[in-house]
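Each remark here refers to the structure printed beneath this line.
Letters A, B, C and D mark the chains in the order given here, with residues in each chain numbered from 1 onward.
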């Protein structure tokens, strides 16, 4: 019973840490990017400042915004928060992992996306409609690709429970699985698309031709925008942590001792920073692609996912 | 003891009696006394729905199987009736929908009592009753004759309901197509029963159960049953009648058709393949899985191209039938390979999704009916902004949209999740091909889910959000309380079934016990909070936690962010600083689906027409531009049209027999005589 | 058995039967109306004679009755009726062009052979010395039908019909010494009524079609006005 | 046996009486009254037979057994209901000036004579008399087909006359041959040799060669009257051009009677021929008629023509059933005979009113019946639904049985059968739907219609569909026992 309590407490703590750390990752990403592009870099804490500022701002709503428009940020944030709560960040065997497995995780993202798109349509602007339409198209292609990658892993681990899967891979030690390689690539491409980074989308622009995600949330401001921005950062972090957990789980805590947990934190931080650097490199060398080349990009991801699954079935069993 | 054990059947009889009464009462609903329909008929329908729910739940809870017979029908074949958990489950489904529409109907049908859409009321009541009666009886049927009689009665009553507003050509054509395919399907079903009867030595289901069929004949019987029932269920490529018939019927009837009638096809498939034929083979499962996958993907893709609200919903029925079939197919594959537990899981997933689809599709059709009732608009591109005019309807419709898009924590998600879980157990199979095909099917299921979400973002966003695109929509009002109650009932059930799946799965245990002699002990092993279909290590899902979490987030947001801040200020939309917005600047449904249309080009037969009108003058510039887009169903163009042409061409060819020249006629009989004489001598 | 071994009466039966067959052929070739009617009457006479002879040979007295019936109907009443009608419709002397007369005669010969072939399987039952005349009766019946198929004039068709009847009567006489009395009377009555009705119809036909050429009676043809084939729908948009 | 004689005498006397007073307003009523007497007598006789089993009249002139007794009742019943319908119908025709007094008299008198000849054909024990009665049925109706004296009607009557005459002549030849065979084997009293009872009891030892020849002639002969393709050409013309009551009785009763004769012959042939030749020929004929007629339904422009093709189709199905033999199929065929004649006559009655309503028989010009006169519209719609084989109407049950029987004995024949059902249904419904629904043409007014017969017929068919009453089912079983030699139970 006591152990149960500690587990739950740890789980809550991890979730809080997760959402607290998300802006930090974004900040770090921004900073590295600026360095790489020879620009003056903002502080790593900049995202926190932005969020705080936004929450303080007075709320301004478009005149025909409906109740849905005002509910959406909370739904989005709630869904993302849940997603964050079930991903093992520093330790496995945490009870919250049982709330939802990886398929439900995808479901949470879908929920968030669904309502964001509705919010985009609510005001009745052309941009909102455009954003919603394009976002749903991208999602429709990204989701099966992601699931194919995830299925490969969960078939290997005989589970869709994230924590259990991570632990399995951890215990299996270093196995050179071609399927994992393909799955990693697929998952990375999907992650790029889903967290609206270059080349699929460009978060740092408000140009009609390049916006996807931004177009939907154009009309938001104040605390609503804060919640959505935060949710976006959490989403990016979730994807990164997923990749880390699935493919380089080493260092994650398997028992609830202070030592192990500290080690877990350090390990995950290091891994995330490394991953961020890779992402920045990628974003710097790539250019934003035309909307209708995105399907080919994601189609390639889907193909990789299928390949991963096939190699798993054909070669590894 | 007997009274208690037979109670479900008696309750079912009560339901039948109430249905008949509801039909009988509506005979009196002549133009002067419409209330006989609005209150009398629907009141009895309400009772009937309640009674069938009672019967179904009782049969499920007690896991009873009660049979009975009547001195009717053929001299050597009485009417055999029987209620068991399976039919109980479908009775529950049917009763729930009947309940909902009996709440919704009284207000909705007022538009037929007077005004421009006035129609004679008695047919509506009578055939609604016969429609429900047909379904109730075919669920209770325990021999082929009764089953076929009421199966056809259901189809026929449905025809009269589809053609109810017969002054529109569309209704007549749709109704004809519907009845034609229903009739052909029924004949094929008849063949399936014929095979079973030939081996079982009789027409009663009990005789068929004990019949021993060789694999070949069993497969043949299954094929007939699958085709016949699939026609009713609306699986690709036998689906063409569905998107024609459902939109033109009155909306509460569309709800009943899409929610209950096509499920009878699923019932038939389950009943025949699991119960009557028995020992399922995995090859059948392959066929069902492939057809199901095709139905789901094609259904949702075609739905995306629709801009008539009810047509769109109808295509989504095809998609969901596809998902159900995928579950069934997986279940058959696993059963055929001897994995009883996984087969059970697939079956549960399929049946669960059947119930869910009944609920949210019924809800959505009722919502579409509510919009139609106030605005008389079918076309999405004329709607918009209804969330301001009809907030409660919008809320319920939104619930339906979230549920059908398989988003947690609503019910659609649970059943699709179970289907995924089943699919992910593919490694348990020995056949490598199966192990590869099944995950691919799962990926396509994911694609379906994502596309469905896109489609319902479009449906809800275009219809309810933004600004009204036509004047009548701008003037809409909220619908009467009765209609809201009907929708509210279904909406609440959508949420409940999504949040408490373990309870429902426990309730379904007797069905799997009956059909595959197994159930899912592990599903609720961790208590009602945790849904763990296989084991807690493999996969788990806790819908209640999800719901709680979202509520908590709302609460926190209220406390920490909202409280104390001033009320938000209203202003023009920013829209990147572009000027005044008119409703014509909004995305239309056609525009919304354009990217997907480009990505999946070739699935549809798309004809685009752009007519530009250039102005006179030295520098011609375009003054007006008219864009029109038709998307057509390939299966219609490539399959049905040719058949129709073939038949008519044959009919035209054969006209030479009737030349009108008496010499020809005499020669016919002369030659016939000579030939026969030659044969016998 | 050769014909020589038969008695005189039987030889006469065979002779007259073959003559009746000949009359059928003549009718087939006969283009003019009046001679056609007379030939038909002659055929009736021959058949009546044959039945009398059979009656004498096999001493079945009631065959005299059927002979009398045949005589009254086929020799007196019906020819007279037709004569009167064709007089009224003043078509005594009109002739119709027969399509491919030789071909038709050859076909007639073929029918005779066919009738013989058919009768082979059954004649052995007959106790009659002249049993092969059954083949002749079948041939007469079929020839009558051929006549109906070939001729354009309604009157000619009626004659063909009647000669079919006489062929059947003939078969009844020589194979089974005639049918039971009541049947014969009933048949005779029916034929009489039929003849009268035919007469009525000649006038109706003439009034409404202006001629008795049956080829013109094709208003009820279905060969024209076929159904249009379905076209692909123009999309869901109205 | 006086009851049977009453049954026969009533229409004969009625016909004679009506020949004098048929044109009076009273005539229609007398017609109905005679029909009632006939029906009452036949019903009483039926109960008598039902109580005491098959009955042979003194002088062995008539023979009533389980097979023909219910056909007699059916004939009397449909005759009665049709006469009820024909009273207002013919009065309307007289008002429209399509029929003069003389022709009205002719009509009423011939109507009864026609019934008489059919009853005679059903109840006689003598194959020769059967032939005579069949020919008489042709002769009595041929003038009614041309009652309107339009060129089309006269042409139709002429074709009817010639084709049926030729056909019936073949039947006569067949009868002669049967007599020939029987007379050779049985010898005995010449007048008995054609008696059905004698022939049937002697069963088995007739000469197969002669019998098979005879069967061919009889099949072609009576088959012409049944309307089997390709001998059917007279049927659509006669049905579409005559007055509607005639169409109702022609397709409701005459076809049945001809088929009855055919089945009787088949029983003889099967008894003496030990191959299944007769059955196979009938199956082939039936299937051909079934499919061809189904196709023809699609290309019709005249509503009465269309329904006459549907009659051909159903007759083909019944012939197929009888040809297949076997208790199940025979039971189905017998049931189908009953429900078809009830439904089809009801449909023709409704169609008659519909044509008077629209003033034409062209399908393209009949629209929106259900708006102008709901009774007629629903009647036509429900009748069509019933004839198309939808439950809960009896036609469904019989077709169900026939399909099951086919599935048992000739599985691969179910495919053409099913195709035929589908094609026929589509052909029938595509037209009827257009006539019943939609907006009526401007100025279309209701007519005086007596829908009682329709209601009664359809209710009976519904009853037969839900539950076959005990006495009727026992009749069918006895008849099945008689024909197929085994009971379906």
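Basically, contacts are C-beta pairs under 8 Å (C-beta built on N, C-alpha and C of every residue); 3 or more make two chains touch, one makes a residue touch a chain.
Note that this is a predicted model, so its numbers are computed, not measured.
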| item | value |
| --- | --- |
| Path length in the contact graph (chain A to chain D, fewest steps) | 2 |
| Per Cα centroids, the chain farthest from chain D | A |
| Whole-Å separation of chain centres (CA-atom averages), chain C against chain D | 29 |
| Chain A-chain C separation of Cα centroids, rounded to whole Å | 98 |
| Averaged-CA centre spacing for the pair chain D and chain B, given as whole angstrom | 44 |
| Chain centre separation (chain B, chain C; CA means) in Å | 68 |
| Touching two or more other chains - residues of chain C | 118, 121, 145, 148, 214, 217-220, 222, 226-227 |
| Sequence positions of chain D contacting 2 or more other chains | 158-159, 162, 166, 209, 213, 236, 296, 298-299 |
| Of all residues in chain A, the ones touching two or more other chains | none |
| Chain-to-chain touches, reported pairwise for every pair that qualifies | A-B, B-C, B-D, C-D |
| Chain B residues within the chain C interface of the complex | 306, 308, 311, 607, 628, 630-632, 636-637, 641, 644-645, 648-649, 651-652, 655-656, 658-663, 666-667, 670, 673-674, 677-678, 681 |
| Chain D partner contacts - residues on chain B that touch it in the complex | 71-76, 120, 145, 148-150, 152-153, 156, 163, 166-167, 169, 172, 175-176, 179-180, 183-184, 187-188, 190-191, 194-195, 197-198, 203, 647-648, 650-652, 654-655, 657-658, 662, 664-666, 668-669, 672-673, 676-677, 679-681 |
| Interface residues, chain D side, partner chain B - complex | 158-159, 162-163, 166-167, 170, 209, 212-213, 215-217, 219-220, 224, 229-231, 233-234, 236, 277, 281, 292, 295-299, 370, 374, 385, 388, 390-392, 396-397, 400-401, 403-404, 407-408, 411, 414, 418, 421-423, 425-427, 429-430, 433-434, 437-439, 465-468, 470, 473-474, 476-477, 488-489 |
| In the complex with chain B, residue positions of chain C that touch it | 114, 117-118, 120-121, 142, 145-146, 148-150, 214-215, 217-223, 226-230, 232-237 |
| Residue ranges of chain B touching chain A (in the complex, touch as defined) | 384-385, 387-388, 391, 394, 398, 402, 405-408, 413, 417, 420-421, 424, 426-427, 432, 435-436, 439-440, 442-444, 446-447, 449-451, 453-454, 456-458, 460-462, 465-467, 530, 536-542, 545-546, 549-550, 552-554, 557, 561-562, 565-566, 568-576, 578, 581, 583, 585-587, 591-596, 598-599 |
